[in-house]
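We just call them A, B, C and D in the order they show up, numbering each chain from 1.
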Amino acid sequence: MQKDKVKIILGVIGADCHAVGNKILDHALTAAGFDVVNLGVLVPQKDFVNAAIETDAKAILVASLYGHGEIDCRGLRDMCREAGIGDILLYVGGNLVVGKTDFAAVEAKFKEMGYDRVYAPGTLPDKVIADLKHDLAQRGLLHG
Amino acid sequence: MELKNKKWTHDEFYAVRAEVLKQWPTGQDVDFDEAIKYHENIPANRQFAKRLVKAKQNGETLTQPRAGVALIDDHIELLNFLKKEGEADLLPTTIDSYTRQNQYKEAQHGIEESLRAGRSLLNGFPAVNHGVAGVRKVVENVDAPLQVRHGTPDARLLAEITLAGGFTSYEGGGISYNIPYAKSVSLEKTILDWQYCDRLVGIYAEHGIEINREPFGPLTGTLVPPSISHAVAIIEGILAAEQGVKNITLGYGQCGNLIQDVAAIKALEALAEEYFAKHGYTDCVLTTVFHQWMGGFPQDEAKAFAVISWGAAAAALAKATKVIVKTPHEALGIPTKEANAQGLRATKQMINMLRDQPFPLTKEVEAEIEIIKAETRCLLDKVFELGGGDYAVGTVRAFAAGVLDVPFAPSKFNLNKILPARDNNGAVRLFDVGNLPFTQDIIDFHRAKIEERGKAEGRSPSFQMVIDDIYAISNGRLVGRPR
Amino acid sequence: MELKNKKWTHDEFYAVRAEVLKQWPTGQDVDFDEAIKYHENIPANRQFAKRLVKAKQNGETLTQPRAGVALIDDHIELLNFLKKEGEADLLPTTIDSYTRQNQYKEAQHGIEESLRAGRSLLNGFPAVNHGVAGVRKVVENVDAPLQVRHGTPDARLLAEITLAGGFTSYEGGGISYNIPYAKSVSLEKTILDWQYCDRLVGIYAEHGIEINREPFGPLTGTLVPPSISHAVAIIEGILAAEQGVKNITLGYGQCGNLIQDVAAIKALEALAEEYFAKHGYTDCVLTTVFHQWMGGFPQDEAKAFAVISWGAAAAALAKATKVIVKTPHEALGIPTKEANAQGLRATKQMINMLRDQPFPLTKEVEAEIEIIKAETRCLLDKVFELGGGDYAVGTVRAFAAGVLDVPFAPSKFNLNKILPARDNNGAVRLFDVGNLPFTQDIIDFHRAKIEERGKAEGRSPSFQMVIDDIYAISNGRLVGRPR
Amino acid sequence: MQKDKVKIILGVIGADCHAVGNKILDHALTAAGFDVVNLGVLVPQKDFVNAAIETDAKAILVASLYGHGEIDCRGLRDMCREAGIGDILLYVGGNLVVGKTDFAAVEAKFKEMGYDRVYAPGTLPDKVIADLKHDLAQRGLLHG
């Protein structure tokens, strides 16, 4: 019997409606063998958490392209903890802050907020897929 | 209220208006009669409609940036900087994303956090929260025509406050601010809500105040074939004209192939005049706006300057009335004001160098104009037919049927069945025409163009080709060739 | 030696050579046989001629900067930076101005001052002073095809040393490195001295080593009508071919009007093939180089990027084989290496975006090609006639008579009688044709074009119009309209 | 009887052969009423001094466009002094140094070298003419 594919939650957080990257990531992750639950754009924090619980997902991939990431993304890790999925993989990427900022500072800030990986603008899907496979394998969650 | 493309009566309008002005406390400060008097004292050089008409007559292409921050004084400083250091002809006020979703509490929170942080944590100017008085502070401290730019499905209260505040141009439309900007708001609702905005502008016009309106041309900004954005622009133009709007700017986002881009602006002008005349909207002044490349940018600033310059060149050669300018920070998020001014200056230099050089109407341009016209007519006429002679009703049915279909749109009311890709010369074509009501000739044309490219690249057209095209410009090319 | 367009015998060449190699002590280190062996081991990817032929076959436009500093290690670092950070396809070594005037003592002084100052006080690389070994250090530490670029009326010793050092391309010519680069050196002397350089390249070719040669296309870089620079380029090409050169790149400096620029490259290719065939030089491979705007630049870097980008666009649309790139520091003097790389990256991005877009051969382009061809033929045929069937002799007589006349040239052997100005579309025309041997039709064409502009501007054509045109681009426009 | 026009020496110094600006400046200065002795390009220091002595010129305008200005222009004031015209007006302008440098620093350096006025790249002839008229008037050398 074939093992179930790993489920991952995908969505663009907050009041952000940038859909292009979301559609491409969906396509690329699906092609890479993941079972993608794509919440699309304009997704509140609680919808990410609820979807992860309902589908037993192993990772949440949050995108924020419009510069409000700092406000929108804060507290998601806490909400996961409160919902009993405190150790789920949390990735975030996009144009996370307003204005040109040193990416290392942005990365540090979002890591402190509880995100496992933070991606700069322009990151290609391949990089995210490779990281995801690595992190899931380390946790023994990836079925060869 | 039942959706149809018919001018709202004053009773219909004022019944809704009472509700709109209650959506947030600042709505109570809107006083229409006082606003008319306020507009009567705005000098001609700050009136958007007048500046556009003058540019059209002189064959100018005006420059306009995108810009908006959370706090009033910072916003004023930003706009004046872009006028002085960027030599911008027209100025915007970009609205933050919370306001666009009518989340005024979150916007308030953003204002407060911005005050604390000493920098803008909002990606735009929360005009509703700042209210009429706050908006007027901006209007009175910036000596240029000002436009509201946003992406708001329900922009009624925002329109009331910014127009009463003295703005003279308002971007958006019931289709163009829904399909690319919302997930689950129905088209019936957004078209009605934008009829309200258009009717408000129409009532200003009845009082002698001319406000410019601009449907958002580029839609998702990603490989949108000209005929699709043209059909949407012309429908929104007609819906606005029906509500009494007299000055409309129709938009188009650069595709990247010069022949197609020049042809697109020429076709848009001709088609809009044709359809406006056909439906009796003969007293409306039409102008055009060309958006510099809306897709992914190279991260490198020097390369970004080339992308900006190419957009400026295409706008100037196509003789668009204005151009919306990108910045060398585009790939990195919201730009600094310095980067914004750099994009403007590069654009201004290019436009000025090209203003004396008309692009010849070659047979290639003429052929492209013909195909865009033929496609757009297929779309518009089918929408009109589906609506039983009503573009508003027809639009809702057309999106449901995939007769109108915008690539990569987030809205669930968009069928998402078509797939665009570039042909071998970089023009945007359709790899899958979905349910678009094209003639067999047109369908064959697209198929042949895509096959020609597939052959040149030695691969069958697939979704990978589309992905390659989306990332192509940021990787330094127009056509996403296989690596 | 009497000047005529005839291949030097080996005896003639070696007699002069003995003198040339004594001009500076480093000349003694040149060993031709050893140099041939050295060249035989240069890999194909570093050979200029081969890279150009490949580009021509593939329809590529290659990028090349200008760059040179006083000290060897700094120069190597600079070139590698431009390859890595600027993505340059071809690399130069720009020679300093003392070396160009054969002032090797002053160059030595510049090297020493640069060592002391810790920065380059020379505006280029003093290759003669560094000698064969020094040049080879550069050649061996830079993995790209390398060309000598300079402006040296008597470039014989420089050629001996740099070619023996392993350079695979050499810019210049007896006209193009005299008229714009000297004040009182006779054309007889510079044409003879460049026959020497060409003969040297020809002897390399006899030994199987293919060196690319490139006459300097833009001349004074200031409002030079295409037919004048084309006539000079083709004459220099023919003089080189007669001496046995087999790989020649003909150049043209951007005028700024796209139609004229595209037409100029097309006309240059066609005319060169025609005249080379007519005179029996059939085994010579011809390619083209397009120089980005050579006139005054805006001081602002963002605006400079637009000027650079427009030059890149014109080069790509004209399908020139290579483009010489300017930098955003152009108005401010010699650029930093970072600025140089920025100009290269912007150019590369533009070329790549346009590589799939052929510019249509419109009737406007065709008309412009025809006028350039007709003018150039008038010039070339008159030179040939004046020389009694000899282009070398004819050139000397033609400059004396003003049959060839380069605007704004410093040489006293140039008549300086013609005056160029832009027409109403920005194409470079002649306000005064001087003694150019044009037909009445052509003279009338220029007069009509200038009158059309004068009328549009409400002023009579005058020298002020020419001055306005010279400053126009740095002030943000192509045509120098009255303020 | 009409007063003689003021004579000024114009030239591009050193091994520099940029002729365009020189021709324009010649035209503009002549139109402004000066008697221009234009030495053209590639002018050695001694030719400036000799021409000034021979013509009784009141000012020497030196241009340097190619980046060697620092080497080429040094010592011209001394040579003027030695030739007995130590107080002649000396102007210099162009791209005076190799590389992008702060203009204020360049100006200071050339003023220390004895130049009365130093012009940045892109200076228009009008500015030079106005300065020249001002400086000559101050010295009582300009005939109304």
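Going forward, a residue touches a chain if its C-beta (ideal position, glycine included) is under 8 Å from a C-beta of that chain, and two chains touch if they have at least 3 such contacts.
Since the structure is predicted, the reported quantities are computational estimates derived from the model, not experimental observations.
S.K.: Per the centroid of Cα atoms for each chain, what is the distance between chain B and chain D, given in Å?
M.R.: Centre separation, chain B to chain D: 55 Å.
S.K.: Counting in whole Å, what is the centre-to-centre distance of chain C and chain D, each centre being its mean C-alpha position?
M.R.: Chain C and chain D have C-alpha centres separated by 30 Å.
S.K.: Please tell me the distance, in whole Å, between the geometric centres of chain B and chain C computed from their C-alpha atoms.
M.R.: Distance between chain centres, rounded to whole Å: 45 Å.
S.K.: Do you know which chain A residues sit against two or more other chains?
M.R.: As it turns out, chain A has no residue touching two or more other chains.
S.K.: Select the category (line, ring, star, complete, other) that matches the graph of chains linked by touching.
M.R.: Looks like a simple chain-to-chain line, open at both ends.
S.K.: Spell out all pairs of chains that touch, sorted by label.
M.R.: Chain pairs that touch: A-B, B-C, C-D.
S.K.: Considering only the defined contacts, which chain C positions touch chain D in the complex?
M.R.: Result: residues 96-98, 100-101, 103, 106, 109-110, 113, 119-123, 151, 180-183, 220, 222, 296, 299, 329, 331-336, 339, 408-410, 463, 467, 470-471, 474 of chain C touch chain D.
S.K.: State the interface residues of chain A toward chain B in the complex, per the touch definition above.
M.R.: Touching chain B from chain A are residues 14-20, 22-24, 27-28, 40-42, 66-68, 70-71, 95-101, 121-122, 124.
S.K.: Quick one: which bits of chain B touch chain C in the complex? Just the residue numbers, please.
M.R.: That would be residues 256-259, 298, 300-303, 305-307, 309-310, 312-313, 328, 341-350, 352-358, 360, 362-365, 424-426, 473, 476-479 of chain B.
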